[in-house]
Structure formats: C-alpha cells, structure tokens
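Here the structure comes first, spelled out in structure tokens, and everything after it is commentary.
Chain lettering (A, B, C, D, E and F) follows the sequence in which the chains are written, and residue indices restart at 1 in each chain.
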Amino acid sequence: MITITRRERFNAAHRLFRPEWTDEKNLEVFGKCSNPNWHGHNYTLYVTVKGDVNPETGFIINLRDLSRIVNEKVIDKLDHKNINMEVDFMKGRLVSTENIAVAIWEQIEPEIKALNAELFCIKLVETENNYVEYYGKR
Amino acid sequence: MITITRRERFNAAHRLFRPEWTDEKNLEVFGKCSNPNWHGHNYTLYVTVKGDVNPETGFIINLRDLSRIVNEKVIDKLDHKNINMEVDFMKGRLVSTENIAVAIWEQIEPEIKALNAELFCIKLVETENNYVEYYGKR
Amino acid sequence: MITITRRERFNAAHRLFRPEWTDEKNLEVFGKCSNPNWHGHNYTLYVTVKGDVNPETGFIINLRDLSRIVNEKVIDKLDHKNINMEVDFMKGRLVSTENIAVAIWEQIEPEIKALNAELFCIKLVETENNYVEYYGKR
Amino acid sequence: MITITRRERFNAAHRLFRPEWTDEKNLEVFGKCSNPNWHGHNYTLYVTVKGDVNPETGFIINLRDLSRIVNEKVIDKLDHKNINMEVDFMKGRLVSTENIAVAIWEQIEPEIKALNAELFCIKLVETENNYVEYYGKR
Amino acid sequence: MITITRRERFNAAHRLFRPEWTDEKNLEVFGKCSNPNWHGHNYTLYVTVKGDVNPETGFIINLRDLSRIVNEKVIDKLDHKNINMEVDFMKGRLVSTENIAVAIWEQIEPEIKALNAELFCIKLVETENNYVEYYGKR
Amino acid sequence: MITITRRERFNAAHRLFRPEWTDEKNLEVFGKCSNPNWHGHNYTLYVTVKGDVNPETGFIINLRDLSRIVNEKVIDKLDHKNINMEVDFMKGRLVSTENIAVAIWEQIEPEIKALNAELFCIKLVETENNYVEYYGKR
C-alpha cells in the first residue's frame, strides 16, 4: 500500500447558516461562522492517491496530471470565490468543512480513476486548529 | 534594543476595489481579489513592542496586557467579519494588506504607549506567500 | 469514513524515570529525559473524531463542543503543570509520550461518545522530531 | 493500536530519467525533474513504528535506538549525496519519491523487527507540496 | 516605513568548492557540502520591498508585478537547475547562500526601482536551520 | 549589510517568580507561569551574525563554527534542564524570555567576535505565539 499526496491552496469566503432558521438559531448553532456578511479562510487541500508504482516511471500518478485535475475541477472554482454563492458543486449544500471535503472528492474521484489510480483521502485544513479528512464511502 | 512579539489570528472576508472604477478597471488592477462576492483569508498578526526590561518582572510588557489590547482593539473587530463592510477603523479605506496593517497600528499604538512601552512593528501575513510590515511614521 | 480534527496545545514539565531504579539506570534508559530537576515541552495535541455528518448542521461534531471537552478534561489539567506531580490522570504512570496519549484518550473518549461521535485518534507531538498516535484498543 | 514517529532530514541531489529514453522522452514524462545536470531537495523523512508499550519504559521503542537505525541505514547514505550516483540501495532504481520511500523501508524494516517493533509507515516529503507514504506490502 | 514581502521557492543542486584547492582542503573548509557529485536543497526566497503606499491602489507594489519580476529574473533561472553549472548570474562565484542572496539582489534591484519601489531585503532560506539576509550596500 | 542565522533548539523547565513575593503576588503578576512545580517549553533559538563575506569561502562565518559555539555555550547548558536551578548564567536572574535572550547574547558575543564577526540578534521563541528579539546595547 503506497500513496502520494499533492497539496493545493485556495482562499475563499463562506458562511455557515440554514436559510430556514432564524438568525438567532443560526448564531446559536454556528456561532460567529454564521455572520451574514461572510468571513473567509486560506484553505489548504491535500489530495492523497493510492495505486501501484508504475515500473517505467516510478510514479503512482504523474503529479503534473494530479495537479492539473485538482486545479481544473476544484481550485479554479473555489479560489477567490464566495463558496455559498459562486461554486456550482456546493449549490444547495451547507458550506461546512465536512461538506466541502465530500464535494471535492466527488469532483475529482472519476478523473483520478480514469488515470488508473484510486482517490484515497481528501484532507481539508480550514485553520491551523481544525481540519477534515474524507476517505470516501467505506 | 529589545523587543517582544505577540502573535494573534483572525479570519475575515474582504474585497479589493474602488467604487468609482468600472468592474473591468478593478479587475485589471486588483485581479481576482476584486471579486464582487468577496473572498477571505486566515490573517496572522504579529505585534512587536520595544522597551526596557522591567527589573522586577523581567518583562518589556506583560503579554497578558498586550494580548488583551490586541484582542479588544483589533481581533474582536476583525475576526469572522467582512472587513469592507463591518470594521469601523477600515471605513473609507481600501482593504489592502498595507492599509489594514497601518490601521491596526493606529488602533493599538496609544494603548501600548499608555503602558510605557513603544509599538515597534505590525506584521500582517495574508497568505504563506505575502506579508506586510509597518514600522510607523519614521 | 470521515473525521474532523481539533488541535490544542499545552506547555508542561515532566521527567522520565522509575523511582525503584538507580539514577544510573534511569540515565542509561531515559537519557537526559531523566533529569531529576525536570525539563519541559510545548506539547501539541490533535484529537480526531469520526462519525456521520449531521445533515442539519453539516458537522460530525460541533467544534465548540469538542474544544470544550478537550479543554476541560485535558488542557486545563496539563497546561503549565508538572505532569509527574500534578496531573490526576497520570498518577502512578510513567510520563512517556505514549502513556500521556493513552491517558488523554481515556479522559475524553466517554465524553465524545456521549455526543454520538467516536474518538478515532489522539496524536501527541512532543517536539518537531517525534510524536505518538493512539487509536484505542483495536 | 499505537505508533511513534521519528522525523529525520537529508539534503540530496537527484534526477528523474530513464537512460534508454531520449532526452525528449525524458523531458516529456519527467519535466524539469529530468535536468541532466541534477537538481535537489531538502527531504523530510517520517518513520512510524507500531508496537506494544513496554510497561517498564513506557516506550514502543526507545527513540535513541530508532534514530540510530535511521541515521546509520538511511540518513548517512543519503545526506549531501547524489542519490542516482552514490546511494548503494538506489542502484538501478529510478529515483522517484515513491521508489526512495520503498527502498528506505527495506533498509530499516529488519532492524526495527530485531527490536521487537514493527515498521508501520515511511513518509517522505519532497517539497511542501508533495509527499509519499509507504505502508509495506499489505 | 512600510514593506511588503513575497515568498517564492526553487529546488536546485549545488556544491561548495574552490577549483584551485585540493579535495582535502575543500572538505576541511566546506565539509560534506563539497561533495563532488553535488547535493541539493529546497530554497525559500523572501523578497522584501519598501516604498510609499499608493493611495489609489493601497499597494506599495502590485504583487503580480513583484512575483513576475522574481520569477523571470531569478526562479526560472534557478529552479531545477545546477547552480554551479547552469546559472548565468552565478558564473565564477562560489555558490554559498550568502553569494546567491547577493546575486539575486543584483538581478532584481533595477527592476524594482523601475516600478518606483525600493528593494529592501533578500532573505534566502537553505534549510530550516539556516538562512541569509542581505540588505544591499549600506 | 548581510547576516546569517543559525537555528538551534532546547527543551527546558522553568518558573517565573520572585522569591521575596508571596505566592499570591507571584500569581497576580506571572499568572500560571508562576506554578511552583515548574512547567516547560520547546524553545527555538535563532542566532544572527553580521559581517563581511569572506571572498575565499563565500561565508560570513562558517556555520560549523557558529553551531559549535552556540551548542557549547548555550544549548548544552539549557537543554533538558531546569533553567531556574541548573543554568550557571541564569543564576540570580528572573527566568523571563527577555532575560534568557540577553543572557544568551552575553554567553556567545565574545566567541563570535573572536571569529571576526559580529553578533547581531538573538531571537528566542517560547511558544508559537510569543518571542523576544535582542540586538545588544544599542
């Protein structure tokens, strides 16, 4: 079992809230993350891919391909954006770190598979004090 | 010459733009930082204070006091906020890292002086790739 | 499978030694960590919790709750303390990083379960060069 | 299940290329990493060992022993070296991060076992943006 | 006095030696850094620029311009290269961190001046344990 | 003006208190840092040296010499020690970060001068949130 991990970064605005709840309820559950005027983060994303080492190249996957996929499918859509308002794959989803991580997995998993490798983990770091790791439906 | 530095952090949304400019002009000058729907950062703030070491305490300044000042005057106003819309001391100012650093200096400089120490530097880190340092009007 | 991790920190003094051993034996096994006058570390603690994402909140666990548990049960008891002398849950235990990690697990595991989540990993970093990860009795 | 991890570092030169390929083919597959005049990295190595906690010492393995093994078998052979030309255990192997990680595992796995512990993971960080983790043949 | 700093990175091979010295003399002075088969590093470069804050943009210098200059004049020439053999501006110079830092200053100083700002400091980090800072001829 | 900086680390126990004060007074001024049973830190030390670049070696100072001086005069005396009880050069001094930094300067300044270089700055990092920088009596 061997994996390779690529780190990418994006800076974005977001807000945690449920539109059907009152502001008080949102504040009670989500705290200052529910601020109606948004706040933001420097997100750090680690994409871990599992596979066999190709004897010709010594690679599980060419990092150039992995980086291209992650940038096209994820970073270009999230970086310097408002995640609640502008990101197609987050439409209708509560913008928690957990939900962003799952959505990123869905975005890139088929692309990784098409390169004969297997997506193993999405790690999404929101601040130096908290991060989420998603390993798919297993 | 001896200094002590306290690190504090805040997460906020912002946008770089001039309201009197067209969207095209804003995009040309500020790039993706001009996104009308905001984006955000994990800002890291380093406040450096200069002074004499008090022979009784061994301190230039008690870090408890320094941290209290920085939190009351700066962090509480910026953290989980929209800097363009919600921060009194940034009203009417373009929200560049340079301008935030200068405004933070103005917020806390009198408070530091009142404790018989001297504000020496405000370092504001926006991303791992860029930061501003302001040393006052000298 | 999805997890969320919260980082907390504490600074403490400790010593590695067995009282029934001679100083020479302690020095031979534990090296400079056996210094009778103590030494200390900035410990960094990562608490990883596993669970289902609550569809209402988008959370595995509310980080406010997780942070409160870790602070009440662990950080408040360890921070700025002598781990050998002052920490109830380390009484009678050799103060190795391994043993502290296991004891921290025992302190918070029931509290996490009470919130319908599952403690997955305690990672305790002693220096930039070594850390322990404990996954419970599995 | 409990593990302990030791970090060590080495700085080395290397090149990605297959001698039977043309320079064009090497450039196409390996990009600028195929530069015939070499380039280099500050590699960071994390060696994770699994085992039972010895009730006498509180240790899975004495870090002094672990560090000695890693330095003798790995660091002394790689540090300030040309990995393609000078490292016996990389002879005939393409010098990808994946292959270095696997070779490091082979170098130290018997030594760890001789100390009644089990090698669990080799993590090799090439740059802040990519790393490989190898867990042995499982 | 206000400055802005841009971080960039490059990975390169190098060797410390004087061709007119014997291998023994080179080894005595430069230690393992004199290895004839090269070694390498992940260098981190911080370029600090001083100036007035433009009231229209809130910028000392547009980071897009600063990053372009540093990439064209420095990073593109050093990244994935052998500094001794392949870098025009290091020809005939001993490849110490000090000398690389001074040469980088010379490369970009006129370009920064042409944008009405002033180069203030080149900080070049070779490993986590050592770095050089050059402030020009003052 | 050019400087080179060497990083070294030590882990130590300490306590902030004045023996002539009551426990209450010590607690009021020094907070939890006055704990009679000690606490501790992973201290990180940056020693910055200024000088001319030797045209033969390309060095301000040979890092091997700088590291030897810092280890002999500072690290060996502080690492895994109780700073209040066991460090000769801290005898009779309140063990604040400020005072340790000044004492470290005094320990190594003559040794640096003897190598025809000039000690420029001692930076002592106590936690990720605070550090002291001492530039000598200027």
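Assorted remarks:
To be clear about the criterion, a contact is a pair of C-beta atoms (placed from the backbone, for glycine too) under 8 Å apart; a residue touches a chain by one contact, two chains touch by 3 or more.
Every value quoted in this text rests on a predicted model; they were computed, and no experiment measured them.
Shared contact partners of chain E and chain F, listed by label: B.
Both chain C and chain E are touched by D, F. Between chain B and chain C, the least number of touch steps comes to 2. The chain with its Cα centre farthest from the Cα centre of chain C is E. The chain with its Cα centre farthest from the Cα centre of chain F is A. Superposition of chain A on chain F using C-alpha atoms only gives a rotation of 180 degrees, nearest 5. Between the CA-based centres of chain C and chain F the separation comes to 29 Å, rounded to the whole angstrom.
Under the contact definition stated at the top, the residues of chain E that touch 2 or more other chains are 128. Contact between chains, as defined at the top, is found for A-B, A-C, A-D, B-E, B-F, C-D, C-F, D-E, E-F. Listed in rising order, the residues of chain D touching chain A in the complex are 16, 18, 29-31, 93-99, 101-102, 128-138. Within the complex formed with chain C, the residues of chain F that make contact are 9, 11-14, 32-33, 35, 37-42, 79-82, 85-86, 127-128. Those residues of chain F whose C-beta lies close enough to touch chain E in the complex are 1-8, 48, 53, 56-60, 62-64.
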